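Read through the structure below, which is laid out as structure tokens, and then see the notes.
Chain IDs A, B, C, D and E follow the sequence of writing; residue 1 opens each chain.
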Amino acid sequence: MFSLAKKDLLSLGVFALIVLAMPFWLSPLGAAYPALMQKLAIFAIFAVGFNILFGLTGYLSFGHAAFLGIGSYTAVWSFKLLTMNVVPAVVFAVVMSGVFALAIGYLSLRRSGIYFSILTLAFAQMSYSLAYSVLTPITNGETGLLLVQGDPRVLDALFAEPRQGLPVPTLLGLDMSGYAGFYFCAAMLVIAFYLSQKIFASPFGLALRGIKSNQTRMNYTGFNTRPYTLAAFVISGMYAGLAGGLLAVTDPLAGAERMQWTASGEVVLMTILGGVGTLVGPVVGAWLIKYLENIFSAFNESILQRFFSFLPDGLDTFVVTVTSKFVGDGWHLTLGLMFVLVVAFLPGGIMEGIHRIVRSFQRRGDREPDGSLKAQPAE
Amino acid sequence: MSVIAMQEDIVAAGTVQAETPFFAVRDIHAYYGESYIVQGVTMDIRQGEILALLGRNGAGKTSTLRAIARTGNPALKSGEIWLRDKPVHTMRDFEAARAGIQLVPEDRRIIQGLSVEENLVLAQVAPGRGWDLDRIYSHFPRLAERRNQEGVTLSGGEQQMLAVARALARDLKLLLLDEPYEGLAPVIVQEIERILYDIKELGITTIIVEQNAVAALRLSDRAVILDTGQVVFTGTAKELLDNPQLRNEYLAI
Amino acid sequence: MKSNNANVVLQVADVHKNFGGLKALSDVNLKVEEGRTHAIIGPNGAGKSTLLNVVIGRLPPSSGAVIFGNTVLTGLAPYKINQLGISRVFQTPEIFADLPILHNVMAPAFARRDGGFRVNMFGRTDRESEIREEAESLLEDVGLYAQRHGHAGSLSRGDKRRLELAMCLIQHPRLLLLDEPTAGMSRHDTNTTIDLLKKIKLRGMTKVIIEHDMHVVFSLADEISVLAQGRIIAHGQPDEIRDDPRVQEAYLGGTQP
Amino acid sequence: QDFCNNPTGDTVTFGFNVPQTGSYAEEGLDQLKGYQLAVKHLNGEGDGGMINTLKPSALKGNGILGKKVAFVTGDTQTKTDAARDSARRMIERDNAIMVTGSVSSGEAIAVQSLCQEMGVIYMSGLTHSNDTTGKDKRRYGFRHYFNAYQSGVAIAPFLAQEYGRDRRAYHLTADYTWGWTQEESIKAATEQLGWETVATVRTPLGIGDFSQYITPVQNSGADVLILNHYGHDMVNSLPQAVQFGLRDRQVNGKDFQIVVPMFSELMAVGAGDAVKGIIGTSNWHWNLPDDGSKAFTKSYGEEYGAPPSQSSHTGYVQALLYADACERAGTFYPPEVIKALEGFEFDGLGNGPTLYRDTDHQCFKEVLVVRGNMSPTSKFDVLDIIGHTSRDEVTYDPAMFGGDLGPYDPNNC
Amino acid sequence: MNVIFAQLLNGLDKGGAYALIALGLTLVFGTLGVVNFAHGALFMLGAFCAVTFRYLITLETVTVDPEKLSPWGAPLEIRTPLAQNWLGDFGAVLIDYSVPISILLAIPVMLVIGVVMERGLIKHFYRRTHAEQILVTFGLAIVLQEIVRSVFGANPIPQPAPQDLRGAADFGVWLGMAPNVLTYPLWRLVYFLFSIGIIGAVFAFLHFTTFGMVVRAGMVDRETVGLIGIDIGRRFTIMFGIAAVVAGLAGVMYTPLLPPNYHLGMDFLVLSFVVVVVGGMGSLPGAVAAGFLLGILQSFASMTGVKAIIPGIDQIIIYLVAVVILLVRPRGLMGRRGVMES
């Protein structure tokens, strides 16, 4: 039941290794600090989950950030009301977002194509607007839901002495804001990835792909497509809830912007950038966008000057002026250009590009003796 | 080959430009992405002739027609196509169509969202009109009845008629028919055959791809057989029918 | 009109279907008996495909009912109708164009085994050896085994048809509906397909087949109904139909190929 | 002592965390300029600006405690999530000893609570909500900027003077926490004058077109419209209200008036002509005649060719105040620095004598009342100062807004 | 009662604006089938055509007086506007009417931008998946936005309406009410009429020529349309150019209502998608109807009385209506079958 094909097992192993080794390989890239690594893991989970819906069934949800937000709010409330232990927080976050996904999915999946996208967008935007304003008693509006000293925390109050200052989320006594938090998120990502591998390789996954490929055939082949898509929607909603819950675990605050359409759009972009329907693609996309957002935006002219100081005088100022347009407050420009270039030259996203390069090397290296192409489905 | 050469000589006596056939395909090679499908097809047709292009499923018949009509998929990598003195191989799809080449595709490709009549009107938007609507409707009364129905809701056979009619609505020089009889009741097959004869009378040249080899050969002057993207036979229809080995191997008749 | 004939698998009772003013089907009655092959022929636009659409739940009849075994199909969702044991080959192939050919054939088998909906997300498609082997042997039968890992979308048209046939056969339907299964197939492949369909018949599968190719019809049919302008104008044994003057006029058009 | 990001080398790093993209980018980027100027001056480069006017001052112009000041920057995108991400990067990766900057209260409060958890001092930028030093105040957070309550108190006498005590006001309020606190404060202040509040209407954030909210104002019987809007909402709603002809109307026998209680000159530029004659409040203005303001305006102008905004002023001042507190404490150890800032009385930073109150970390100083300039001489000259409300008048009881500062103990990140 | 009347008027006006903003998107998205996330950017570029035009005609000669210093320490600049210098009164009129006159600049500029965009980029994406279209157009939108930002800065740049059209019209008096009961900004009325005009012109173009049909057919089956001799690529380019012009003009005329900044486009993007989809894919009348419907409902939902009954309704009304309509009518108000459903 928990088995994987050899190929998948291998990729899971490699994937786990890469994720857990982040602190090492990210450090030359200037990104090896807990906050960012946590984000990388969390948004990878979000994107992997999104890909289960979008990549397999082809239903493009434009409101997935709503579930992320719901997960965060639920987790923070669990911290406020029950306990600072992260386990209940994460469980509640997943369950709650699953419930919302069930309701929203039930309605939205009555339509397909762009109509579906707009329905999900509308639900998410309504959640966002209400969270920002009318629901302030629950969400604390613009400020975001914060922990305060006076929170009841009934379970903690029963078992432990209140400590000085604000408590932090913990697991087995480990403080979740630093490296421990990262490893927790990384472990979650590996599990999430494994589950998505299972789904991709299962008959259930095959049915979802069938829906993407030809709904008519599915119906007349005896599949009841609606519950299949709904199941995929709920599963990916729960992934989003998990990601939202983890955001709150590593940093116990939940803000409404997490639910805005731009946030939903971001996960769409991550998935497409990496490669829709591939297992690893969404992860790569998520990492790239979050890396740019956090690292490129922080470059400023003095950093650039130091960086390019080896160049001869005059040239270095020129190079600094040019590059400064693409970093710091210009990091969006880099992002936009990257989107355009990737789709223009790597149709199918980064993973497809990598596959092509690998394939072209293979062809040059060893030609198949019988001349047959090793046709591989895009997995 | 020798038979063709002889026939060409006979025709040559009557025409000035004997060397340039009406339509010539010279060693074309075409690819779908990386799969090499049309592997050097060569054929000639004289004006007003009907040529049957035969072969098993997957032999590359459709691909050859699509390459001639310049659809871009399969992509023509080398070879030449000449319609009289016009280099079709340098054209794009719409230019080939304006030069008078019309493909009736195997899956008919009636345009969704447009009524029967709009499908026909659309064919007359680009310069080079053929039959007007009245003439089309008089040949295809069935279409006249259904003129306001959405094209794609027509029955299979009706769609086939519409696809042929759409080609006729254009100023035609070379008609490429991909399995025109498929899915048609025998009565309609006869109707279409009649139309093809009419078209032939008008001097329109036709290449017909058909699994129903008997029906196709009944109509054609000459035949070409393809196998895995290569020409394995060229000759008159009669030669083919008289050759039991070819019939058995490629046509199963 | 409750049938007491236990042998009748499919019964079409007084079905009418109108498209706006157009009467696509009028008063159609049909009985198909267990294990037999029932051919429906008729001119283009006669309503043959429409009739199949009514049976599989793609179109609701304007009036009348379709009964399968003891179940009234009218109003049932298409997937339920399929689950009862009816599969259909469409006139324009409906396949999973961007899935591998092997998976095209395996998917319907899962529907047969697991029912309309099951979240078997911990199963493994590649471990379902029973279904895989069956799919492979069927692909062998239809001559697509060699290409089984290729994508279905790049098949030629005749091959797509054969693939679709395999997709239906793997469901072991009680009733198989075939809408022009050999259209676009070479003579050679048509003959193979006829043999394949005969083989299934020996297994007792009931079939309704629409064809314009008389060679196919007369090779396979036990019974023929002729549909013209939405009405059944003749019904009987193949020999009777061949000689029926109405059929000659409405359909075969005098000369016989 | 051991504490978060204890600087070991010969530099000490500040984290400048401002919106550089999104709707508040202009203010954020200007704030950043203020910070960069402050770093220069602290390190003894340039003309020293307000270092020369701050009194009392322990600053020496050789960095802080002998260490040169370095800085890192971050883009908050005006989102709380991004603001916290960026602040955490500064603390965890770049070892920032202090984080500063903000253009909205949401991000200020979020970053402030983060800094409390990490044990890093946060000097907020523009944040006008009462909550920042009220309900959500933190031991590690400090605000130089004024707040909504002070705006209300400051503007009230001028409203009475200009428009009389018999007025009927209609509030349009941005529907989120900052809008609500401002509405509450202004409403209280104006009602105290004797004004009547006809209606308070909440408007969704960032809708762009406010016509459906302005239409009902016409026949409501109100003769003053109070726009509790900020940023783009203000830039859009004010000109739209003017276009509706509200200011050309006579209601109850009086000229209809529009008030924008909280002004910022960059936004006033965005609102264009509509801002002429509109009364509001401001934290600071480059036109002020005191030595500090003059010195700052001069060095900023020489550096960037334009006068500074209150956003850059706030940034500059906050950086200086932190540096000064470190010098006075003689250490970077946050609890000591906090104690140095708490209750600090100073002058010469442009707002007259100022107190950093210990009970809530709010600065108390004069508040400016400004009016849209009727005949600007340059595109920077959009606001006129029409009055100063004294520090005593805008001082309030800290208990009023509740909250709890929390402990001094440093968390080791 | 007056309030209701005023809100109805306001709703109509808003609806006209929504319809116009969505119109350009319908042409590209509903007709060409490209999910164009750069639509908002085109709207924004239009608005900046107005800004540029005004900037050009208010160009000043700057002389520096080195003797005096400005209060912030820079040398004092003395500015004299050129247009007024050279053209006298006409120059003043030109400056006053800069917004409507900049339409003359916007039409060619937007056409060129549209054509270049289509030829250079979008052209290669008709046959790609919607996902890839989203990515590329979104990327493009960001790039355009950043370019505008680096040229014009991040702050909004107000564009005044002409003096004569600046105030409010006493609409009530025209309808026989007492003065000052129902007034409405003149420029909004102008915008409304302008919307109606543009919408009418686009309708006429697509309705009375076969152009619309050809493009629709080309979207459904590009190959077949090519095979019957139509150069569909060129028509798509023209269509995209028209859409860019329409989007741009909507942007130009909107500037007096909303001081434009580089971010303007993103704010309208979601709204225009909602309008187009609620109207129904591929339907121009649908988009217009949806624009009006949403505008009017939004106006009414913002009334204090309504908000008192359902708190927060004005924040979500657009989305709520979108949900209800899409659930009740599978293809929006007037959607065509088969357009972008898979």
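Assorted remarks:
As a convention for this text, contacts are C-beta pairs under 8 Å (C-beta built on N, C-alpha and C of every residue); 3 or more make two chains touch, one makes a residue touch a chain.
Please read these numbers as outputs of a predicted model, since none were measured by experiment.
Chains making contact with chain A as well as with chain D: E. Counting steps between touching chains, the shortest path from chain B to chain E takes 1.
The greatest centre-to-centre distance from chain A, using averaged C-alpha positions, is reached by B. With each centre defined as the average position of its C-alpha atoms, the distance from chain A to chain C rounds to 45 Å.
One finds 34 Å separating the Cα centroids of chain D and chain E. Put simply, the C-alpha centre of chain B and that of chain C have 31 angstrom between them. Centre-to-centre, using mean CA coordinates, chain C is 75 Å away from chain D.
Contact of a single residue of chain B with at least two other chains is seen at positions 35. For chain A, the set of residues that touch two or more other chains comprises 129, 132-133, 332.
Residues of chain E in contact with at least two other chains: 315.
Contacting chain pairs (ordered by label): A-C, A-D, A-E, B-C, B-E, D-E. The part of chain D that touches chain E in the complex is made up of residues 21-23, 25-26, 29, 175, 199, 201-204, 206, 208-209, 211-213, 215-216, 218-219, 232, 235-236, 239-240, 243-245, 248-250, 266, 269-274, 286-287, 297-302, 305-308, 378, 380. Listing the residues of chain C that touch chain B in their complex gives 19, 41-46, 49, 91-92, 154-159, 180, 183-191, 212-214, 250-253, 255-257. Chain contact summary for the complex, chain A toward chain E: residues 54, 58, 60, 107, 110-115, 118-119, 121-123, 125-126, 129-130, 132-134, 215, 261-262, 265, 268-269, 271-273, 276, 325, 330, 332-333, 335-340, 342-344, 347. Of all residues in chain C, only 56, 58, 77-80, 82-83, 87-88, 90, 94-100, 103, 106-108, 110-112, 114-128, 149-151, 167, 171 touch chain A in the complex they form.
Across the complex, chain B is touched by residues 210, 213-214, 216-217, 220-221, 223-232, 282, 336-339 of chain E.
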